[in-house]
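Shown below is the structure under consideration.
Chains here go by letter, A, B, C and D, matching the order in which they are written, and residues are numbered from 1 within each.
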Amino acid sequence: MNFTISDEHAELQQRTRTFIAEHVIPMEGDERCTAHGPTDGLRDELVAKARKAGLLSSHVSAEFGGLGLSHIGKAIVFEESGYSPLGPVAMNIFAPDEGNMHMMEEICTPAQKERWLRPLAAGLTRSCFCMTEPPPGSGSDPTMLQTIAVRDGTDFVINGVKWLITGANGASFAIIMAKLEDGRATMFLSDMNAPGIKVERTMNALDSCFVGGHGVVSFTNLRVPEENILGELGEGFKYAQVRLSPARLTHCMRWLGAARRAHDTALRYAAQRQAFGKTLGQHEGVGFMLADNEMDLHVTRLAILHCAWVLDQGHLGTRESSAAKVISSEAIWRVIDRSAQILGGQGMTHETIVARIFADARSFRVYDGPNETHRWSLAKHAIKSIRH
Amino acid sequence: MNFTISDEHAELQQRTRTFIAEHVIPMEGDERCTAHGPTDGLRDELVAKARKAGLLSSHVSAEFGGLGLSHIGKAIVFEESGYSPLGPVAMNIFAPDEGNMHMMEEICTPAQKERWLRPLAAGLTRSCFCMTEPPPGSGSDPTMLQTIAVRDGTDFVINGVKWLITGANGASFAIIMAKLEDGRATMFLSDMNAPGIKVERTMNALDSCFVGGHGVVSFTNLRVPEENILGELGEGFKYAQVRLSPARLTHCMRWLGAARRAHDTALRYAAQRQAFGKTLGQHEGVGFMLADNEMDLHVTRLAILHCAWVLDQGHLGTRESSAAKVISSEAIWRVIDRSAQILGGQGMTHETIVARIFADARSFRVYDGPNETHRWSLAKHAIKSIRH
Amino acid sequence: MNFTISDEHAELQQRTRTFIAEHVIPMEGDERCTAHGPTDGLRDELVAKARKAGLLSSHVSAEFGGLGLSHIGKAIVFEESGYSPLGPVAMNIFAPDEGNMHMMEEICTPAQKERWLRPLAAGLTRSCFCMTEPPPGSGSDPTMLQTIAVRDGTDFVINGVKWLITGANGASFAIIMAKLEDGRATMFLSDMNAPGIKVERTMNALDSCFVGGHGVVSFTNLRVPEENILGELGEGFKYAQVRLSPARLTHCMRWLGAARRAHDTALRYAAQRQAFGKTLGQHEGVGFMLADNEMDLHVTRLAILHCAWVLDQGHLGTRESSAAKVISSEAIWRVIDRSAQILGGQGMTHETIVARIFADARSFRVYDGPNETHRWSLAKHAIKSIRH
Amino acid sequence: MNFTISDEHAELQQRTRTFIAEHVIPMEGDERCTAHGPTDGLRDELVAKARKAGLLSSHVSAEFGGLGLSHIGKAIVFEESGYSPLGPVAMNIFAPDEGNMHMMEEICTPAQKERWLRPLAAGLTRSCFCMTEPPPGSGSDPTMLQTIAVRDGTDFVINGVKWLITGANGASFAIIMAKLEDGRATMFLSDMNAPGIKVERTMNALDSCFVGGHGVVSFTNLRVPEENILGELGEGFKYAQVRLSPARLTHCMRWLGAARRAHDTALRYAAQRQAFGKTLGQHEGVGFMLADNEMDLHVTRLAILHCAWVLDQGHLGTRESSAAKVISSEAIWRVIDRSAQILGGQGMTHETIVARIFADARSFRVYDGPNETHRWSLAKHAIKSIRH
């Protein structure tokens, strides 16, 4: 049992922290931060800075230009990155690209990697992950998939509609989950400019931290040749798990940084702002909120690190990542909510970054599987384990 | 003890409900709903509809064109009005105008009423209430007032800066809280186009339901003649209480309607959307959230009605309105948050009204005195009462 | 809408308050308060005091010696009674007798009333309600009933085991829920000294407020003649509902008094005890707990009164009493838990009454249907209502 | 970063688990488990078993017969021990002896160690820690100390009253916190049979897991020779910190085991008990509680292990142990409360161990500093850190 951060990770932590402070936070007021996320133009500028700082796509292997970070390494670096809503964008480790790269490195053929992964990891392109569908399609229950892929010679012809597709607008390519005629789920790769793909619209959302926002994407007789199948035919759900467990955890890491930022902002305010004869922080009512923030941040970090370590041991970590996701998303939300409350009226406005983090973070309890689904899964595991 | 709604109130409840459903909800998608609230153009259209329906400024006395509703009456009508974010705007019972009218009817001279209250109550003008100041000025502690009014003959010369001034942008007149040279607080009335008043900027905020948004307002040698003093010199804080206790409660009423809307939206979705072999609502995890929503709405309504009744008996209702504010704002927040969660990914977007209500409602735990201040006040009352 | 307490109820409230303060609270330290509840000897003494004060069995009709209180009347009187754990015992309105009397007055034949209800209402006997069974029998799901009643001529022969039977030890008679051969549930009346009934043991429990504690009761070929059927054959569940809805609500009333007592005890301590340079109550951390107590008590009282009013209108009040039960049991628990916390180390001991109330009150979230069952029921109602 | 348990600790964990299962749990129903804790007779039997199993006083150094466990080692072993309320008693690692041994080994003179520590560590004697006083004395604010020690030649004469003194009844010696005439706090050692010490009474408490219960102890002209000063004169508070930080953490460890036991009991029941057509555990409402239990246990374990590691690095760990104490005591309480709820009516009785754990564990949020005090301390640290 050892909680020491390695020298290498400590150096990277410090370097990331400095990078975020000096190069990213100053850009937060840039007017290219729109309601649908930072524009691609702003993103390119930020990516260039991270590239120069040697902090681009740090989770990808050296072969594709990254630092090949372990999960523990990611826990440390991604938290720092999340300290600004623009940090993960700059460092090319934001959703869905970060998870897509991870999965693609595990599953793609060499040719697929050269065509799609290399430029993605280099920060030259963006991608999207087309899984979620509008009712009555596939939401938290993936088996309700409606999008269909019908074989036609060596091609597959895909039809269907997806929504909540983060980053669709402006993406170079998509990973598409569809079911075959026999009902088995399969993932396909396709350039976004292929005939038959259309971003119907970008949805208005609470959050504004994802480049490209969240789109509705339709497939109308989209042809995908069989060399663009991602992995094996019919193994779509298995690969989704490959993607989801670590992707869920990297979400935790980034949001932890965001929550720490909110807390630091509130803490600084509470240390100075006077009310009723003393500083806010000297009021126990506020002090207790600050203490709860510190404990929630602490517990979240421990749960993330532990799960990262489990994944680093080569385990699938389904239970641990479910638990880490629920623990993190709820603790982080409490931290951000308290921080906004401490800031008072100002916390309800964009005078500080906290309101933006607040609007961004709400979805964390829903994305990557609603917490209800994870609780159910944890319960099933627990009951099964007691029976043995 | 009797929980029956009078026939008159029941009729008004039904009429308001129909008005909101038929005339207001259809306007929610209007593009004049901006990040800084509905435009004055949209507001004018909505007000015209409410005027036609006989539902304008229902809290004001008949003399000024209203229905002279009791607090119980308001509880019933305002909840219905709040069912749409545009409802209170349409019915001219939104903040800060609703509270301003209430206070002005109590305190203004006949001449002041003719000049400012009559057109306000008729929905022809808007007003703002200039009390809150940026640090280190007056926030939750009103005694930290920085804005100063210096007598100069029969005029007062006012200097200072206010922020979080709801509706400032576009308002016809302002009520300004300032301190005299002897430190006593006083309220003044002033047209907004008077020399020396400037809306410096409109703040970007989480909410988007207030016409005119939230402004930063500066006073630079603003001259106010003594006939524009609101009430007595030096009685500013006393009048603020006259305004705040009922204004706090009407906030509860409107937000209760909003929360009910969120709940109904989630309930309807849960009754239909399938996942894992049954409807969402048939999942206990979701069902329990719906049950908790129902109980939170129930308890909020009871606390509001009880406090309204206390005010209708002629009591100040300080404790009751503090309690009602804390109970309501927290229960309502839980309802809205759960409703968003039940809607899943969609709840994080503006596909339904819930995300908008979510962003609007966060400030309710802060406005009208942060809940921490009310808890402190309730504790002091409790301790004082046990000592006697 | 009117929250005024009638003069008659106000007088009764005051009289009960005085009775509890002067005659009941002084007996709380009596050594006949055992781990299995007050002894029957102590109970007799207390009942005699209440009888003298004209406060016995106030919920029963005048015909049987009570005051014929409405549900609203009970809400007011029972809360006062619950201010001491011995109050409901003294006033003959404790569980299960209070609920049994209510049901018996509604359902029994005149002969049954004379034989069993009259002495019960007079405080001369006690009763028990034999419904709950050990696994795999009937717990929160009443349809899992295992106890069986087989007709034999004009008798029924009952076999089965019940547990958690409050007051069994020392009761004069029992109401027994059993299923007929055709599976329909039926209630029977039987003297406890009938051959075939045995109190196997008294269970050790957290609470110590119920006379007779909680017993395990076995029926071995118990013969019950058909004139002792309670109501109609096969209508057992229907009658259970007749009993449960009001019985659930009277639990809320009594526990509300207990929670108020805990709060008052903590409040008095917080007003005096010094720590870190001021009284406990002047610490915001403690003050906020006191404020939350006040709000929880307030909300509980409102929910109870509202439900009582619904029942007084002649409605079944299923939803309202489910909601009132969940709201009350959880709010009351929070109040008691906070009160214990405020008292510090002392609160963990029986130096004050709070620890006793704490141990007594835990079961309120379970008895009369676990809160989970009520939430599920509320959810079903909500979903059904939105579908129409 | 490494979460692996060492082989040595894993072996000890397994051995302790087996010992508790085979030798301790079977004794839980022993009638010598009284309302004031296990009797000394039962304790002696249990201690003999642990001695035989080589599991006695494992936190003490080998010199005094223990295993010299690190804090991490204790985290692992003590959790297993706490799986039964009798486990820590058997293994001689219960409060207050465990903390007393730890402090004595750090501070006592060699002669004091031989006289008092050696037999204590061998399980032959018991001790008590006399710090807390009844109002208006020293409670959560230690500076309010009333007990006074006046020098008289080479002796000190002590007068005062202490309460909530765990284990006083039956203890061989006491550690007494008193203030000198100059106000500085000092600790003294004294045999309990010294003239002037009297256990006035044993307090009735919610918990029943501490041998000797909780006593009121008076000192009337108690003479203590200067060789019985514990450490340096005037350093009493410093030593209290030496004792408290680790003692607080070992409490967390033991209660974690208790909470796991409650959870396992509920889990086993939920996996089997039928209601409404399926097992309890298949009901999401119950499943979610089980999932929350698992997460609370997980987070508690991580916070304990982290803090143990910090202490093992030689740090004082004030913040970490405050955080661990608050996190643990609240998470553990939720686990136990939910477990009782899942067990339904049965959970309110002593049919399972859960009700006993429930009554025992309530005080954990108060003992070792109420959580409010720790929150306040954490807030001060946070504010101080942001200022630098």
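By definition in this document, contacts are C-beta pairs under 8 Å (C-beta built on N, C-alpha and C of every residue); 3 or more make two chains touch, one makes a residue touch a chain.
Only a predicted model underlies this, so the values are computations on that prediction, with no experimental measurement involved.
Student: Relative to chain D, which chain has the most distant C-alpha mean position?
Tutor: Looking at centroid distances, B is the chain farthest away.
Student: Is the C-beta contact count larger for A-D or for B-D?
Tutor: The comparison resolves to A-D.
Student: Using Cα averages as centroids, what's the distance between chain A and chain D in whole Å?
Tutor: Distance between chain centres, rounded to whole Å: 42 Å.
Student: I'd like the Å distance between the centres of chain A and chain B, where a centre is the mean of that chain's Cα atoms.
Tutor: For chain A versus chain B, the centre distance works out to 37 Å.
Student: Please tell me the distance, in whole Å, between the geometric centres of chain B and chain D computed from their C-alpha atoms.
Tutor: So the centroids are 52 Å from each other.
Student: Can you tell me which residues of chain C touch two or more of the remaining chains?
Tutor: Expected reply: 283-288, 372, 375-376.
Student: What residues of chain D sit close enough to touch chain B in their complex?
Tutor: 283-285, 287-288
Student: Touching residues of chain A toward chain B in the complex: what are they?
Tutor: 132, 134-136, 139-141, 144, 163-164, 203-207, 214, 272-276, 283, 285-286, 340-341, 344-351, 355, 358-359, 362-363, 365-367, 370-372, 375-376
Student: Which chain C residues qualify as touching chain B in the complex?
Tutor: Counting only chain C, the residues touching chain B are 1-6, 72, 264, 267-268, 270-271, 279, 281-282, 284, 286-288, 290-295, 298-299, 302-303, 305-306, 309-310, 323, 326-327, 372, 374-376, 378-380, 382-383, 386-387.
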